[in-house]
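Take a look at the structures below.
In what follows, subunit A forms one complex with subunit B and a second complex with subunit C.
And now, the complex of A and B:
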């Protein structure tokens, strides 16, 4: 409850601040709408040339891509700006004041800034996602839908964990730009169905750097047939990634040298 | 209470030869040097003490404060702050501690201080009654009632420091680390902050460890000082003692009944002479104080004689330059 109340404060602060910068507020919405358009068009063009993609029909692929847009908007709204700042906090010593507060430092630095200007885009993404679900030809029950939404939220958290794993090395390297660029390059795999990958690349994207587990696995579970293996794989890898991130974070804080005054 | 035993902290720092070639070499094989920030530091601070931490830039003051605050891990040694190991970062310790860094803002810049205080209330789980009391008390003593609803970025530097101080002390901490609290402030604001710290200390008796480059802060607030040089603790004791025991120079002032017309003849090896109206001042060293006094009293008949210590800033500067030996 205490953390929820803290988060409500963060929300209040972030909205108050966002309203101050109107132009930035509007520009961010336009930019994100453009990003959505590019992604949706890409799949539209693909399906003009093929009836299925990795076994998915156009309406299924639409659900898949809109799920990705939803996760991306959620990430941009909740985590992205906080994660962008983390390397600066580490290098400039701004982490000091967070470390002295009697509250989880990871919670504080991951959630303190709610991107209120991305919030409108989140609403748009939810709209696209809902539209895609209503157009889906495959029959599904309400229970399956909620289960899918749960898996999508798990994907969103996994996305956060993976990005953190790529940012935390900044405690040792001082610059995490290379790691961050690598994350974004690899992150393109989130936007593609996992079944298009084969061999070692597939192993990499589902086990080592499990970007394919963010949207692709939940979509496969949703469209069926549901396999217990797929779910076990999804949960085990997610838990392992969380554990790795927490361990790295702990080690990172131990290595933190703060900036000199 | 704070107890520190044999504290060591070393940093591994990479080096680079100048120029592009140096950068390329560094990419292939990087050389590191080990920098010692703290060497065998031991100290004890009792509840209610206000202690000044003094040292040149890079002496290790901030590193010591950061280790005590649990921000960085030491390489070796033991630290106990209010019964806790600070780098365990237990919430029980962190809720009793405050760190104020004069050069770093901790409040939300785009919001009024009162908004940030609401968040701090939640972070430190300050009961409503105590929160109201603290807001009233601190705003009153710091005289910033009117500024609490103004966005922090629109406040003057002095006002900003005051709201930062207020935010850091809302939860009534038992240990306060103050790093340069008056840096960049004008004389009036410096005075106000000092007076506030004095009042606060008197009222709530926390441990206050103060780092400042302004000797005025230390002189006014800290009966005890800790001097650090190259990571080593070279003095821990009363501020007054440094001045009386370690002041190299002494000033002998002789006051006469009448104005002195011509400068008297004094052997130059005894010191530097200065004459003003009916006063004769001889600046000499501690070793030459007795012969100088003998000479002056044998050759002149002053109305009054006083021995003055040099200014504390000067003593500390020479102390830090030479060390105790």
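And now, the complex of A and C:
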């Protein structure tokens, strides 16, 4: 309850801050719209040159892409701003003030800033996702749809965990960006169906750095047929990644020297 | 030592300050983008039973995806925020009182990054060429590579102007990094860094070819990879050159207007 109350305060502050910088607010909405447009156009052009992609038809790929856009919008709304600042806090020694507060530091630095402008984009992403579902030729039940939404939320949390794993090394490297650029490049792996990957790359993207589990696995489960192995894989890897992230976070805090560099 | 060489050496030291981050980010970004793009196209080639698409074989496409993202990185130089951050926090003051042209200084720091990434392109391309193409080296290839690198450097000046236009909005708005990101999306997509332009619908391609992005990215990439004749490359280069004065005068006009707005106290 205490954490929920705290989060509601974060929301209030974030919305009032967003309203102060209105031009910035508008720019961010337009930027995300460009991002959606580029992603959708990318697949549109691909399907002008091939009838299927990794066994998916265009309408299935459209659901897959719109699911990714939905996860991205959720991430941008809830976590992205906070994660952007974390390397700077470590680099400049600003993390001190968060360490001394009587709440979980990870909770505070992960959820402190709610991106109100991205919330508008989240609504747009939901619109695209709903439109993609109405065009889907594959039959599905309401139960399957809700299960898919649950898996997407799992993918969203996994996305957060993976980005944290790329940022936490900043405790040792002291740089102001961490491996954020590398993470964003890896982000391309989320945007592609996992069945295109083979050999060591497949192993890497489904086991070691499981970017393919964020949207592609849920989409495969949704499009069927039933795949219990896929679900087991998804949940086991998600839990392991959470454990690794928490372990790294604790070690990182131990290595934190507070001095600005 | 002239001020220009001092600026260049300082910037190189800055680039190399965090070496582990630098190399992991650079190698990670380059390789992972390449592997993902190759996996995607390999899947398309195999599912359609093709050995060639739009005149491109899989190894040629792989080389394309090695050179195109690196070209994009060269164009982006010092990256988003190189000017807006200082307008925003008042740091621009020091450039205004120094006996140097502020925009010239910024252009030089931006292009130092571009030149550094250009050297990386040369190394990575040479390795990629060795691994992906077993045909013997020819003199024409070397000529194409040298001309292509010069072409990219001129394109980086054009991209500097484009980015400066976005950055200078900071004279009026509080936060403008989003404009830089938008520019990157549009440039990468319409320039052919995501998908080679040859896969675009023909009518759309005819329009895109006259925008600055295609001549900045696809133009030099196709020249280096031997995908365009010298005449086609020259045409693309001239299209880009035609954009340069337009962009330059827009930058100067905005800079003058922005300076009138600048309070120098930061926000």
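Criterion: the second predicted complex is superposed on the first by the 256 of 261 C-alpha atoms of A that agree within 3 Å, B and C clash if a C-alpha of one lies under 4 Å from a C-alpha of the other, contacts with A are read in each partner's own complex, and residues count from 1 in each chain.
Basically, contacts are C-beta pairs under 8 Å (C-beta built on N, C-alpha and C of every residue); 3 or more make two chains touch, one makes a residue touch a chain.
Note that this is a predicted model, so its numbers are computed, not measured.
Visitor: First (subunit B), second (subunit C), both or neither: which does A:28 touch?
Guide: A:28 sits against subunit C, while subunit B stays out of touch.
Visitor: Looking at the overlay, does A:186 come into contact with subunit B only (first), subunit C only (second), both, or neither?
Guide: second
Visitor: Return first, second, both or neither, reflecting whether A:175 touches subunit B, subunit C, both chains, or no partner chain.
Guide: In the superposition, A:175 contacts subunit C only.
Visitor: When the two structures are laid over each other on chain A, which of subunit B and subunit C touches more residues of subunit A?
Guide: C
Visitor: By the touch definition at the top of the document, which applies to A:45: first (subunit B), second (subunit C), both, or neither?
Guide: The second partner, subunit C, only.
Visitor: Using the superposition on chain A described above, determine whether A:99 touches subunit B (first), subunit C (second), both, or neither.
Guide: A:99 contacts subunit B only, not subunit C.
Visitor: With both complexes overlaid on chain A, does A:54 touch subunit B (first), subunit C (second), both or neither?
Guide: second
Visitor: Counting only touches as set out at the top, which of subunit B and subunit C does A:195 meet: first, second, both, neither?
Guide: It touches subunit C, and subunit B stays clear.
Visitor: Mind pulling up the subunit C residues that touch subunit A in the complex?
Guide: Touching subunit A: residues 18, 20-21, 24-25, 28-29, 32-33, 35-36, 39-40, 42-44, 47-48, 53-54, 172-176, 178-179, 181-182, 185-186, 188-189, 194-195, 199-201 of subunit C.
Visitor: Once bound in the complex, which stretches of subunit A touch subunit C?
Guide: That would be residues 21, 23-24, 27-28, 30-31, 34-35, 38, 41-42, 45-46, 48-55, 173-175, 177-179, 181-182, 185-186, 188-189, 192, 195-198, 201 of subunit A.
Visitor: For the complex, give me every residue of subunit B touching subunit A.
Guide: Of all residues in subunit B, those touching subunit A are 11, 58, 62, 66, 69-73, 89, 91-92, 94-95, 97-99, 101, 103-104, 106, 108, 110-111, 115, 118-119, 122-125, 179-180.
Visitor: Taking the complex as given, what residues does subunit A use to touch subunit B?
Guide: 2, 5-6, 9-10, 12-13, 16-17, 20, 93-97, 99-103, 105, 254, 256-258, 260-261
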